[in-house]
Amino acid sequence: MADLVTFGETMLRLSPPAGQRLETEGELDAQVGGAESNVAAAAASLGTDAAWLSKLPANPLGRRVVRSLRSHGVTLDVAWDDSDAARLGTYYLERGADPRGTDVIYDRADASITTVAAGELDLSVVESADVFHTTGITPALSAAASETTTELLRVAGEADVTRSFDLNYRSKLWSAAEARERYESLLGHVDLLFAPIRDARTVLGYDDDAESVAYRLADDYDIETVVVTRGATGSLAYTDGEIVEQGVIDAETVDAIGTGDAFVGGVLAELIDGSGIDTALSYGAAAASLKRTVEGDVLVTTRAEVEAALNQSTDGISR
Amino acid sequence: MADLVTFGETMLRLSPPAGQRLETEGELDAQVGGAESNVAAAAASLGTDAAWLSKLPANPLGRRVVRSLRSHGVTLDVAWDDSDAARLGTYYLERGADPRGTDVIYDRADASITTVAAGELDLSVVESADVFHTTGITPALSAAASETTTELLRVAGEADVTRSFDLNYRSKLWSAAEARERYESLLGHVDLLFAPIRDARTVLGYDDDAESVAYRLADDYDIETVVVTRGATGSLAYTDGEIVEQGVIDAETVDAIGTGDAFVGGVLAELIDGSGIDTALSYGAAAASLKRTVEGDVLVTTRAEVEAALNQSTDGISR
Amino acid sequence: MADLVTFGETMLRLSPPAGQRLETEGELDAQVGGAESNVAAAAASLGTDAAWLSKLPANPLGRRVVRSLRSHGVTLDVAWDDSDAARLGTYYLERGADPRGTDVIYDRADASITTVAAGELDLSVVESADVFHTTGITPALSAAASETTTELLRVAGEADVTRSFDLNYRSKLWSAAEARERYESLLGHVDLLFAPIRDARTVLGYDDDAESVAYRLADDYDIETVVVTRGATGSLAYTDGEIVEQGVIDAETVDAIGTGDAFVGGVLAELIDGSGIDTALSYGAAAASLKRTVEGDVLVTTRAEVEAALNQSTDGISR
Amino acid sequence: MADLVTFGETMLRLSPPAGQRLETEGELDAQVGGAESNVAAAAASLGTDAAWLSKLPANPLGRRVVRSLRSHGVTLDVAWDDSDAARLGTYYLERGADPRGTDVIYDRADASITTVAAGELDLSVVESADVFHTTGITPALSAAASETTTELLRVAGEADVTRSFDLNYRSKLWSAAEARERYESLLGHVDLLFAPIRDARTVLGYDDDAESVAYRLADDYDIETVVVTRGATGSLAYTDGEIVEQGVIDAETVDAIGTGDAFVGGVLAELIDGSGIDTALSYGAAAASLKRTVEGDVLVTTRAEVEAALNQSTDGISR
Amino acid sequence: MADLVTFGETMLRLSPPAGQRLETEGELDAQVGGAESNVAAAAASLGTDAAWLSKLPANPLGRRVVRSLRSHGVTLDVAWDDSDAARLGTYYLERGADPRGTDVIYDRADASITTVAAGELDLSVVESADVFHTTGITPALSAAASETTTELLRVAGEADVTRSFDLNYRSKLWSAAEARERYESLLGHVDLLFAPIRDARTVLGYDDDAESVAYRLADDYDIETVVVTRGATGSLAYTDGEIVEQGVIDAETVDAIGTGDAFVGGVLAELIDGSGIDTALSYGAAAASLKRTVEGDVLVTTRAEVEAALNQSTDGISR
Amino acid sequence: MADLVTFGETMLRLSPPAGQRLETEGELDAQVGGAESNVAAAAASLGTDAAWLSKLPANPLGRRVVRSLRSHGVTLDVAWDDSDAARLGTYYLERGADPRGTDVIYDRADASITTVAAGELDLSVVESADVFHTTGITPALSAAASETTTELLRVAGEADVTRSFDLNYRSKLWSAAEARERYESLLGHVDLLFAPIRDARTVLGYDDDAESVAYRLADDYDIETVVVTRGATGSLAYTDGEIVEQGVIDAETVDAIGTGDAFVGGVLAELIDGSGIDTALSYGAAAASLKRTVEGDVLVTTRAEVEAALNQSTDGISR
């Protein structure tokens, strides 16, 4: 049974090469990505026994997701949707270059996951985990996905599994008001929270500095550990009444998508491994920096590579 | 104003290279295709002034459709959907190789066209055409698309525009019973019918040979010209009490998708050009054979090339 | 009828990927580009009704130019050359990397456009335009192209169409002395001049600062508006006795070719739209910066994107 | 624990596109393949719980093998070689076209598997299987690999696991005389033998028709079931005193490599599923025919697809 | 010094992938090919010491030709054209598929070779050869190329070098009448003639069977050996009063361009090696069949492979 | 006969595109590279008559090396290995991006060159050269390669050929102690030494500044000229009692592999051309900077381009 269990949507990602446009390019790179499976894969690359729960269409695209996650070393527990309406969510990614922004077009409405029910999933996988992780994207997908999120957090809580949650607000899926209401009902059932500072401010209305936001979130919702991420400024964690800070490790960016998920994966892998939050944040920072150097949503790496990044010991070519 | 006006859905087509599988391939070829725009493009390549009416999402994928059809020389009258739910229908194509069949996965539910209304389109484009063409796919997409089909046929009829219709039954969109009911209400408003023999039998229940099917369809629905297509056996047309037959021109198949649409495009181009049905069928057969030699849904050719295929005058390399 | 009409040569552009050499690379990227059609396409992407006049070989390469420009939304009026000598001009582009310069090899001698005559073109397209635009490349191509340039400027002038001209000196086509003589005879028939500062100095001998060059050009040739472009220093315009300045919008450069044409396209689109020269220059700057972020000679964009670049409102990933 | 356990070498396969030569091609397609893992993957695609035992270099190439096999749904038990000499065997494949033959260049000497010892592997995986499968390639690799083969067959035998063996003679690895001596010592420890007729004749000296070869092999070595494969002529099995024959299912060949392994995988999957040898052979034939339609060593398919091939129910495009 | 010296034009060949059209494809495959250098390269691959004389533009495209031919093992003696007008001839190749023919678009007018003069070349290379070879394409290029052809044949004749000539009529370069006149003046200076039967009939007016054509050509122009090629019917040679016939070796065609040149290269290599005409023709047939299996104008092979093709000993995969 | 003769191993280099990982990428770029042949090719591109001696497997991979080096203008004298064990050394290159380092995986054990003997090579090629060059990689490959290195240096010395040597320490091939011992026995037979400062310190134990290292190396081993290279700090040479310094020419790095070899090639080309060490170092610096702008191990350039880099005269696009 897996130590880390995640739950959420994984999509097909289609993208033209850098410098090419979705309007014109004839060849699209096809990959698979989703916040929660990205976390599971990043943790697995660091040695964590990680699993992912979801619902997928019973067709080649659904099987593609399975193949991809298996290749990253993630164990799967998937409910198969063989209805006529079964579909895999898709997103189109067009990389920007200043002053042109990166563009993401979601085509994920009515994906199979939007009909998921807790009864379709193997709850014992959740019960036997060390950490159960999901994000604010999942409850935004549909009423059914939202209910299943609640139910899995409940199951995890009753089994004394650490419940991890990343706010991950997506303005293309719901309004800030809708998200706030839902977050407020969920945060009481969370033990470890990842809160991007922008989401904490825009959605939850915390107009403070990061440190205070961490403290107040922990206090307001009785959360054991709150990790606030601040993009290029790095992250900090509040736990046991103390603040731990972690800077960003500079990286040459090949593909920025999935950086936050690699960070969470690194943190969770290290916490599960028994490290303290300070070490965990540093592994998260290293994982995030490495993710930026690789194409795709998912961090492909090894523990040795993460530790080399941490030690900045990678100058030159080894031969 | 265009001589040929078509109406229907155009999708993004995503396909791995031949011999590769959707489950595993990292690069997908992206093209644009749809029965009615394929017909318009094929006719345009033969010199017809052709237009296409539809509704598209106001995003890069919608603009991609516009770019592609414009490049084929088709004039567009498009209603733009800028709602949050706007989407372009997609289909995945995996080429087969015996004994593995070609697989098509539709992901077209709730595409922008499903909300189309006649009021969004420029009906004067229809009124000033020689021929208005649509297919049995369009009414299968949604109630709105079905109503708009009826309305455009009505507008065409009142303006004495020849109304052309291809049964094009798609079992993944509706049942044979549903299709039959709809076809029966539409066929009374059609002047030129393209009927694949399989559709005539499976859906409309004509258990006859092709000649009788053509005659009976013409008779039952008072259709001026009925063209029955029979795959490798070729086509025949019933008009003015006479049957005209046309064989298939053998082709080395690179991509079979769109063969039927190229046939229709060739026939319509030639009829609009003033030829009789016998000549029109032969141009259709040549266009269909050339389509098979080219990748993609759409026939890319010239009138000279079609005539060379007709005259089988293409042995060897000209240099 | 189009609001902007341009006239000139469009070539096939063949280029190896960045970091590869023309001597060794097995796959060449094939695109279509030419100063005047680049301008038309850039303006069309901003919503201008734009047309392009030229002469092309009646073969697949000529048709390729047509397809490409149509896809960018440009209307075409093309004289087809079906002589044995018909050819499309070609250029090879090898992207540099410091200290290796970008290399352009022209193979454009005796292209079909070099035989163009005004009588082959539909002059009513010019007469009904708001702006007629061509560049200093066209008269450099051949005596016939030069005469046709004169004739089209004359037709435009008589129809009170604004005559726009970009010096665009190409040292590989003619000497500075030859160019100067020709420019001097043409500039009296120009209402709006785009003058790269380097060309104004090297070819026309204006050894002044940009402001004075603009003033003197306007004065010497009685030109209503003179826009002087200065590369990274930005542009300025002299009109109605006043100077307007515009800085450069910083861009991450993917492909620098066509930057100047995108600038001109942006300026013309906005002037045709009714804006003043200051607004027009800013749209030109935004269009130029966006062009740098995209592969190919031609700017592929939308008005919304240009305005976002103008407002620098593109930080981060929208999702 | 897995129902099917295989043991052997998996290599990196590098191949130019069809029609290109190893001497000249700049891009090589990289895949992973090996007889025994191909069998495991084919069986897994049919729903068998399949595992693969081996030894791999502790580097990105070794991890690539792991990723690839996991993606095919195969469970792995791998001994990692982190010595300086660790290497992954490689083979170069150049597809032929008559009269040019397909060329395979092995570069597999001293691969990590050549140092494998039974003690490095988890023998309980073998003991709990239904079927243990290896081939004549493995003992040809090195003395250590040969001893480990003997040991694993012994372990399987003692645990009453069905021992399956495919002769798979490779003339580039050893002489017929060497192979014969080794085969003769191994065949007494085999319950299910796959014998290509060419190997039975060339190596083991059975100069009979296929039926007699099957009978004599079963009799000489006391093997419960002997399957003789005859290329285009199909296969036959001798078991319980009876002969069962199975024809070949015609296929359009995209890539012939791995056809035999897909056959064995199909047979084993079906036997493990509880079918008789006749049904098993038919699934093997269907799996083999499907393999030919897909690029790569490994069959990527589903049970549904295999059954469709068996029923020849794949004419046309389903849409 | 080389044993075989050839003289002629080599061009850049640009082609879309099979099934794609020149009008639409974004990536063109770039290679180098020309009848006489194809012959030299084919002979070199069989072990002949082969050289090629020509004139090339002093730019990356000219250097590309040099690199490519050197890689095939051909020695070069090239006059470099560093004039402004220097250019490399180009041709576009679009592979057909029945009923669409293969299309070749030449863009070779005024290539640097059209200004070649004998004085620019190292004539001692010709004088020391065993065989000097050129084709009917070279004199068709320009008056200068035609004169140089005459001059090199004269130099070869005076040095007792065997003068080999392939009619290679190209209707896109000159009329049959022009070609005939020129051929008639050249054939008296030829010792070994390769005459495609179609050229002998269309251009030279020999309306006979192949055998008579060979005899009459030898007789009319006092040519020692005449090889008549007849496409799929094979070839025959007349020499010393006798006829030798050679069939075609069946091949799976990947790329038919250059088949005739590979044939000539095989024949010349073998004659230079001291074989009789019968053996030489068989090597030519094998070389031609192998050429068809490889992309590009040039045969990439080895003597061993040619001999295997000759012995039809290539069934199956060797491993 | 060649002016520069080099001796060493050339390998197949396989690399995924930048941003992709060896673990996952399906297409590997295949090139050919080796320190000594890189030097020969760089010198040849500058006009030097350069040759390369080695031993290669008699298979398509060995022939690939020959083709590649010939295309760079290098003459070859190769001993062919047709034994069963013949193999070409391979290396895998994964480009890094901070903080991920570039990774090189060697798979070169037991390559054919490891069995090379001086008797297999044409020693007259060495004897007639101006400069004989090899590197510290070659003696590290095997005892036989080491002995052959000694022997070729002896032959060169006796023929008064300048003996050039680059330390080129490779920690993956041997320990510093082993290397030191071997270097110490070789350096007495060297006239021109290239010493990376890191190697001089780590391996030979010179803990001085570059100037002193150069002086001491020259003094300790009686070497005429010692060039010390210091990465981004540039190089310096000690000769005739004087120190010459040379800075680095800044470059936009596309591929850093082979930079040092291009430097050596530039220096040697210029020395052979008769220049002094100061000019030679500057050409080396220019060659090194250009190498960084091109994909692959080998510098593809021209003398004109090197001189332009030297004169920093490459701003802008020439057209």
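The first chain written gets the first letter, and so on, giving A, B, C, D, E and F; residue counts start at 1 in each chain.
Criterion: a contact is a pair of C-beta atoms (placed from the backbone, for glycine too) under 8 Å apart; a residue touches a chain by one contact, two chains touch by 3 or more.
All values derive from a computational prediction rather than experimental measurement.
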Just to be sure I understand the contacts, which chains border both subunit D and subunit C? A, B, E, F
Select the chain at the greatest separation from subunit C, using centres from the mean of Cα atoms. D
Kindly point out which of A-B, A-C or E-F repeats the A-D interface, defined as over half of the contact pairs being the same residue numbers. E-F
With chain centres set to the mean of the C-alpha atoms, which chain is at the far end from subunit A? E
Answer with same or different: of all residue numbers used at the interface between subunit A and subunit F, are over half used by both copies? different
I'd like to verify one number: the distance from the centre of subunit D to the centre of subunit E, where each centre is the average of its C-alpha atoms, in whole angstrom. 47
Euclidean distance of C-alpha centroids - subunit B vs subunit C, Å: 39
Report, in whole Å, the distance between the mean C-alpha point of subunit C and the mean C-alpha point of subunit E. 44
Per-residue multi-chain contacts in subunit E, two or more chains: 21, 23-24, 26, 63, 67, 71, 103
By the document's touch definition, which label belongs to this structure's chain graph: line, ring, star, complete, or other? other
Under the stated touch criterion, can you name all the chain pairs that qualify? A-B, A-C, A-D, A-F, B-C, B-D, B-E, C-E, C-F, D-E, D-F, E-F
So in the complex, which bits of subunit F are touching subunit C? 71, 249-255, 286, 289-290, 292-295, 300, 305, 308-309, 312, 314-319
Can you check the complex and tell me which residues of subunit A touch subunit C? 18-21, 23-24, 96-104, 106, 170-172, 256-257
Contacting residues of subunit B [partner subunit A, same complex]: 14, 21-31, 59-61, 63-64, 67, 85, 87-88, 90, 92, 94, 103, 105, 107, 109-110
Please name which positions on subunit D make contact with subunit A in the complex. 63, 67-68, 70-73, 302
